[in-house]
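Per-chain residue numbering starts at 1, and chain names A, B, C and D are given in the order in which the chains are listed.
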Amino acid sequence: MGVYTDLIREARELHPDIAGVSETETAEGQCRISRIAVETEEAARALDKPVGVYVTLESAALIDGLEPDMEDTVKALTGELSRLLPEKPAAKLLVVGLGNRNVTPDALGPRTADGVFVTRHIRAHLPEVAPEGMREVAVFQPGVLGTTGVETVEIIRGLVDTVQPDALLCIDALAARRAERIASSIQLNNSGIRPGSGIGNTRDGLTQHALGIPVVAMGVPLVVYASTVVADVVSALAERSDAEGAAALEPKIREIVDERYGPMIVTPKEIDTLLHRASALLSHSINRALHAGYYDEIHALCN
Amino acid sequence: MGVYTDLIREARELHPDIAGVSETETAEGQCRISRIAVETEEAARALDKPVGVYVTLESAALIDGLEPDMEDTVKALTGELSRLLPEKPAAKLLVVGLGNRNVTPDALGPRTADGVFVTRHIRAHLPEVAPEGMREVAVFQPGVLGTTGVETVEIIRGLVDTVQPDALLCIDALAARRAERIASSIQLNNSGIRPGSGIGNTRDGLTQHALGIPVVAMGVPLVVYASTVVADVVSALAERSDAEGAAALEPKIREIVDERYGPMIVTPKEIDTLLHRASALLSHSINRALHAGYYDEIHALCN
Amino acid sequence: MGVYTDLIREARELHPDIAGVSETETAEGQCRISRIAVETEEAARALDKPVGVYVTLESAALIDGLEPDMEDTVKALTGELSRLLPEKPAAKLLVVGLGNRNVTPDALGPRTADGVFVTRHIRAHLPEVAPEGMREVAVFQPGVLGTTGVETVEIIRGLVDTVQPDALLCIDALAARRAERIASSIQLNNSGIRPGSGIGNTRDGLTQHALGIPVVAMGVPLVVYASTVVADVVSALAERSDAEGAAALEPKIREIVDERYGPMIVTPKEIDTLLHRASALLSHSINRALHAGYYDEIHALCN
Amino acid sequence: MGVYTDLIREARELHPDIAGVSETETAEGQCRISRIAVETEEAARALDKPVGVYVTLESAALIDGLEPDMEDTVKALTGELSRLLPEKPAAKLLVVGLGNRNVTPDALGPRTADGVFVTRHIRAHLPEVAPEGMREVAVFQPGVLGTTGVETVEIIRGLVDTVQPDALLCIDALAARRAERIASSIQLNNSGIRPGSGIGNTRDGLTQHALGIPVVAMGVPLVVYASTVVADVVSALAERSDAEGAAALEPKIREIVDERYGPMIVTPKEIDTLLHRASALLSHSINRALHAGYYDEIHALCN
């Protein structure tokens, strides 16, 4: 009934008993890290998430902004991102900030991309300042279908042809099932991404299979779909009161919500602050992970 | 149960039978115009809207963007605004764009203010180009409490002292009760405004009584509160199915929604397009209304 | 001595007597139109402008903003643009806004692109609303080398491969030789463009020869290079006073300016207003030219 | 001959021998600190800078972005700012970001203000989270005359009445005489500010005398006036070649420049990067200075 989530942990909550999924948990200070592997196509279908590894970092840092927690989260995120990227030293990277810059809850990709250090041109144009062993990073904000007229997937395939990176890193805002998850976690995966899925459109995906290079996706939940909100309320209702009464009302509720709220999103009023924190955390961690050996030099050049 | 609306027409729907309210309807082409007068304090309390005149222009123009409808709406809005403003020729005006520019559904005030012609300084600084009979207009975007640390009402009171206008025109995004009302109407009133009320905070108001000058408020519904969405669904449910069953569930639903979605807003994904159209329509109509006799000259100077 | 101009008319002033150039002048109301054809490679080298047709529309509209002049300019620009584009009905177009959105005098391309109607996706995604005979237009803002790490020319070649348009339309801010030309004209040409040339970097170009499709470039002068300013002053000095004295000082002046002001630009303080007018004029004229037969319908869909 | 500078050090270079000025120099790591006291009205007139203390921090940090230098500069700036502000513990502060956000080289004030922590409302609205001893800071971006119609000085006087701070801190972009000074220093003073002076308009000032509270001004040179560029070149010319020849040409040059480049500014093409670094450095140092005892807590709340 209209429940949609981009979060692997929520998908698992909805289907706790399926086979073909393994999970481990660790922590980095205040930041809890869960690694879920979707191992079979059957599990992938059940969860509506492709086969691959999904890392979730949970931390109150994005919501309450507390500095020591934020540092734990940066450290954890830097580590996890390094692990998911190709082992090849100095692999060339294409970073893509997905989403619509002009809609605050959909602007995580572009805003993060603003802060990612661009280095691909430095060796050619400013060889004297290029740090030794510098990784080449190109960064794009491809826009959305409505602002370009072209499917984001098509554009990114073209960029991959042009830039010839060793791996692709995509950042996008995610949709959660439960409002309390908004801005409470960061999700990374190596199974690719379907741009636009986060805002309700399902189009072809960006995967290692399709592009021939590893694809890492990274995001933070910033919205819930209106349809999901109502489904969530009905489901909570069933738990707290007359489950049968709630079940009987379900088809009617679905009809009303689809009619009235189908294409709408739910987001906190203070979404600008959450976006600011989330994009700063992501771009900082990306820069740390990509330029580990010479961070200070590249910070001076690119910041 | 958490239903909130800034729209007088929705307030009336919820309380159709109260006394002390009169209404007339007219049309300008495709644009329907309703004028509702809240005439008694009792009616004001029942509707949660201060005594005054509320004009609502309904038009599909903002949603479907069709040009002839848009022209009708501009014409109607220009006329209604002129009627609400002081009759004194060339009255000095302070225009204030309320809301948070960084949250798309709350940015109507600032974005409209961007397009309003600023003329207060022209006579003093560029007397040779000032059109004869030019009205002096000052424009501000006071920000929100979170970005300034000062209540918007305090700031505007200070600006009124500084600028000494004959009237105040405030623009703000509005909250509707029903999603279908989003971007479907423009509301004007002469009863003042409580900045922040549109995003769930009620603070002291800007009224003729408080400021000593006429206050006209203008807005377009661009959000629904999450709590209102669920209330709306429950109420529709009662109409379509077992009213008693729905009523019995109401207290539980209220509890769940307050817990989880209290401070959230619901808005269409294409809010950037709606905001663009609404702010262009408002600023254009304001400029037409304020500078009727010499529009072309002032357009050349200020656009 | 450091004089650089993107304007064909200024290039001609500097080399008035070369062969292989023809010019005609017409007018549309207050807007004067000059068409200069650079006909031989020799003329192209002398003028530092590739072989092709250059149309210059001169009008005070952008500077003084007067409405009737603005209408003449829109009409003239719409006509000239239509003439330069492929005659094939409904040819598919890729529109590219060049330059750096974050540097006001370099933001003409991105700001114009913001206002160009995007239609390429409409037939596939919303066939029921697509006007009959609708031209498919895709729009990009590729950023600059410093924000992407990739040469703009490379990106656009990739986009042309992806989008497969029948023609390319590029918009970019131009550099003038004389400050008085800033915002006083619009230049169109069919000889391609070298992105970055307008800000002092010469890189490979976007031409029909390189891309296999017609390329139309469009721009407005918004800056003068600092080095050009001083050269201009020295040249005016020679006219007004002791020509020999000025000539003798020239090498010294060149040395001083190169040392101190090499990479700097000169721009009016009110560049934000000029940018606003120029980008609105360009995007409006582009939309008029590209969607002549069904402008109202597409305006409703896309604005 | 059209030489204008906001920098006390450049003003002194032009008038090295006047009495009533004292200077001391210190350093904080790579950051050199000069303190110049303009002690008499006569010196103030000669230098065109009001009586007061001017602190200049010179550092390559803003230009080359090197991290250890940046830290030295933050430390020095934090210290100097603390020294200039009232000694009263937890004095209430009004921070004002002057200038035009839409013109990149004039956007230092607004962009710095974006990053200053706003705390004035916390004690009243969120008392449970307010750090003990928290200083109340209100922040405004008053716009410019062209966007409001009101002199910035009038607006700020009104804000001071409304907010009742113990001191005023103003941030504004500065004009230098020499291009090499752009982004190479930060200037602080306690003698007030004339908003708009940095872009060529002289209006009434914001001073302790006028407002009754201490006023600290803070800025970074980001432009040179076009007229100053030419004057600078002529003056360098006189040093390097025939001084008499240069002197003879001076009146002609002045005439030409005034005619053609009077109201123009000169700025580096990479002004977006310089602005980004300068505003981040200023806002970070302001936050450090204002909330010394509880920086981590307030960072979590406000960032």
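Assume a residue touches a chain if its C-beta (ideal position, glycine included) is under 8 Å from a C-beta of that chain, and two chains touch if they have at least 3 such contacts.
Predicted, not measured: the structure shown is a model, and the values here were computed from it.
Student: If you apply the touch rule, which chains end up adjacent to both chain A and chain B?
Tutor: Joint contacts, listed by label: C, D.
Student: Could you let me know which interface, B-C or C-D, is made of more C-beta pairs in contact?
Tutor: Higher C-beta contact count between the two pairs: C-D.
Student: Roughly how far is chain B from chain C, going centre to centre by Cα mean, in whole Å?
Tutor: 40
Student: Between chain C and chain D, what is the separation of their C-alpha centroids in Å?
Tutor: The separation of the two C-alpha centroids amounts to 36 Å.
Student: Would you please write down the residue numbers of chain B that are in contact with two or more other chains?
Tutor: Residues 146 of chain B touch two or more partner chains.
Student: Under the stated contact criterion, what part of chain C meets chain A in this complex?
Tutor: Touching chain A: residues 118-122, 125, 136-141, 143, 145-151, 154-155, 157-159, 161-163 of chain C.
Student: Enumerate the contact residues on chain D facing chain A in the complex.
Tutor: Those in contact with chain A are residues 64-68, 70, 276-277, 280, 296, 299-303.
Student: If you look only at chain D, which of its residues touch chain C in the complex?
Tutor: Residue positions touching the partner: 100, 102-104, 106, 146, 178-180, 199-200, 224, 226, 229-230, 232-233, 236-237, 240-242, 245-246, 248-249, 252-253, 255-257, 260-261, 263-273.
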